[in-house]
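Worksheet for the structure shown next.
Chains: A, B, C and D, in written order; residue numbering restarts at 1 for each.
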Amino acid sequence: MTLIVLNFKTYSEATGEEALRLAEICEDVSKEYSVKMVVAPQTADIHMISEAVKIPVYAQHVDGVGYGGFTGHITAASLKAAGASGSLINHSERRLKLAEIDSSISACRSSGLKSIVCTNNVATTRAAASLKPDYVAVEPPELIGSGIPVSKADPDVVRESVDAVKKVAPTVGVLCGAGIARGEDLKAALELGSIGVLLASGIIKAKDQRAALVDLVAGARE
Amino acid sequence: MTLIVLNFKTYSEATGEEALRLAEICEDVSKEYSVKMVVAPQTADIHMISEAVKIPVYAQHVDGVGYGGFTGHITAASLKAAGASGSLINHSERRLKLAEIDSSISACRSSGLKSIVCTNNVATTRAAASLKPDYVAVEPPELIGSGIPVSKADPDVVRESVDAVKKVAPTVGVLCGAGIARGEDLKAALELGSIGVLLASGIIKAKDQRAALVDLVAGARE
Amino acid sequence: MTLIVLNFKTYSEATGEEALRLAEICEDVSKEYSVKMVVAPQTADIHMISEAVKIPVYAQHVDGVGYGGFTGHITAASLKAAGASGSLINHSERRLKLAEIDSSISACRSSGLKSIVCTNNVATTRAAASLKPDYVAVEPPELIGSGIPVSKADPDVVRESVDAVKKVAPTVGVLCGAGIARGEDLKAALELGSIGVLLASGIIKAKDQRAALVDLVAGARE
Amino acid sequence: MTLIVLNFKTYSEATGEEALRLAEICEDVSKEYSVKMVVAPQTADIHMISEAVKIPVYAQHVDGVGYGGFTGHITAASLKAAGASGSLINHSERRLKLAEIDSSISACRSSGLKSIVCTNNVATTRAAASLKPDYVAVEPPELIGSGIPVSKADPDVVRESVDAVKKVAPTVGVLCGAGIARGEDLKAALELGSIGVLLASGIIKAKDQRAALVDLVAGARE
């Protein structure tokens, strides 16, 4: 089943009350069109949103540290307690060290959270997949926020990522992202072998977020 | 009025439901003994706690970024929306770059949050104070979690920090921390010119958190 | 006496043999025009250059760590042994944590190296100066490499930095940088109260580096 | 052929003139006992050492950036110009982000430098190997500097790393490190399938560095 992950970033249109409103739109569209949607709001917004909606709420980042003297860090245990069911890891706007990615994945696993490791090219996708997260999401940084969909601008990076992951860790699902906004972008992404998309500005900055989302999910159904 | 800031770090005794319970103890003791208490839980716990208690809830860290493409960052706007009224900045377990401290303070100011910048010696206290946060909190790293109170082990670092801040930024309040747990530690801290303390393990790891807190606040009243 | 610091960055025109050639030009111009020039090549180039020229050679970065288990770090002791006589610290392209700036300055002092802490605005200049390096160099990041000289585009940041440093640490010399290339830019910088400039692309990327340098130093003499 | 890489870290016994002296000992022993030795001194010491000895000189760290505005970074081009022939990457005392490891490897390749990526467990070894450096060096952090050799304390991490690398990238050589000092440690390491060792304090802190080195290399010959 196609997976659509909406990263709220720190956009004003997706912070606090606006985040709640957007999560509710995602839930509506998810039900109405029978697609699997995940919302990834800011950490401070997770508790409020997870109390209000039934679709999975993911964090945008999790530190691979446990209980103890780690002031200012975001632990998997605290995310779980706040109602999250997964987390992005190593997003291009919050890159981690290799050993940290490994411990963040482990921390998610221990707390019962799903993990999506973001990567920037085929080589790092292969490396990330070999750490056995639940998903990897390949996003060429130069296309993020560009409005030019990776599934059209650079289909090879998606296709080769899918191939590489199949070899090193066949159970890991491959998402793709960067520039995705419309149904045809999603459709192209699925045809390249990915099982879904990670997206943000294309929906969040749209004049009509619901309409943009409906246009997108149509791509999963054609 | 004496200020007592309890940093929940990522201790198991101060995460999720336990964080809520501890915040309620702090609120009780605060009322009963008429001392000003601030709790600083993990980011994901802020919303739940700020809905339940009336004492100020601070974050343990805030990034100096605004609305936009800052996935995985903790913005002042999201903390404010979740009910926080301030934040620690640059704690020894989450050190920031100089320019980041400056922008985190500015972000707090813009969102109506108070700021407490943590420092490690007299020189960095003077530097931090010159950025004009609401408070600085000097904590010699080697004493953090040691059980040896800074106000006794190294009174000079507190006294000289107070003097330095008076010269460069007299409106900035000076807290001290590291090894503080008992009423006599707090009393010594106040006698050295600080206006309060930042503490963690001494209370959170105590067998009886409420009793430990009551013993502490007595130091503000003698 | 006016101080001109040329940051070689990692420009191809200032790496390896090219770095040596450029340092020799700087030495020539320094002698001929009686101005005090400092060159700041890459770490790996310091040894070769300091053996060849007599003008001071500074590093572009130094870590505030000492002898021991600090693989991959740049120590003040190793810079001194290679012939350096100072270092930039906290350049906008290599920002450090507040506590690291403090320990880098201390490390320089212990090894007999001069220190220049780079800053981005008046507030961070005041903070950096209060740590007592030998110099601070204020450079608004948006003007770096722009070709628009800070001394003309934003004279207030220079003037206010000079004033702030006079108050908190009058022995610290104030340099300014960003967009500086020509003699008139330097002259304007000196009139604003700075004692010199930090510059890079304006000279290094010039078609005729020697001519560009001669044009610059003329600004110190008019 | 067995490869022995001696990391000089920032030890006083391996900085400046002492670094040169130690590199010369390594060269002597390398010739006398016909083992392949690599020395990895601090960046500022590379030029002097590479002019004096014929054995390969590696850097301890390289940044994955090229020519341009990267003040304070260590480029592969500058290392090559100073006479280095390779670099450690991602040592436990200088961890890098996943995307940085990838770009550091690429930078080495472009400049004709060999690359050794350090890792901390089997999962990160597999991930690092899939980025196709020349070597990976697995070092459990808790054993580094401990005097307890990884080849005896945790033989499984070496054996499983060798197996994992064979599957994902069979051309990548596997080294191991942490606690290695004596000939028997090296012998055990080779029997587990590694092609050599990365070591530091066991030799550098020895009362007689030459004798310690001779004892070590004997392990490659029995």
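In this section, a contact is a pair of C-beta atoms (placed from the backbone, for glycine too) under 8 Å apart; a residue touches a chain by one contact, two chains touch by 3 or more.
As the structure is a prediction and not an experimental result, all values here were calculated from the model.
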For subunit C and subunit D, chains touching each: none
Self-contact between copies subunit A and subunit D, residue sets same or different by half: same
Centroid distance [mean C-alpha coordinates] between subunit D and subunit A, Å: 37
Gap in Å, rounded to a whole number, between the CA centres of subunit B and subunit A: 33
Subunit A and subunit C: spacing of chain centres that average the CA atoms, whole Å: 43
Residues within subunit D bordering two or more other chains: 92
Contact graph of the chains (line, ring, star, complete, other): ring
Subunit D contact footprint on subunit C (complex, rising order): 7, 9-12, 15-17, 42-48, 59-61, 65-75, 77-82, 84, 88, 91-94, 144-145, 200-201
Complex interface listing, subunit B residues touching subunit C: 90, 92, 95-102, 119-121, 123-124, 126-128, 130-132, 168
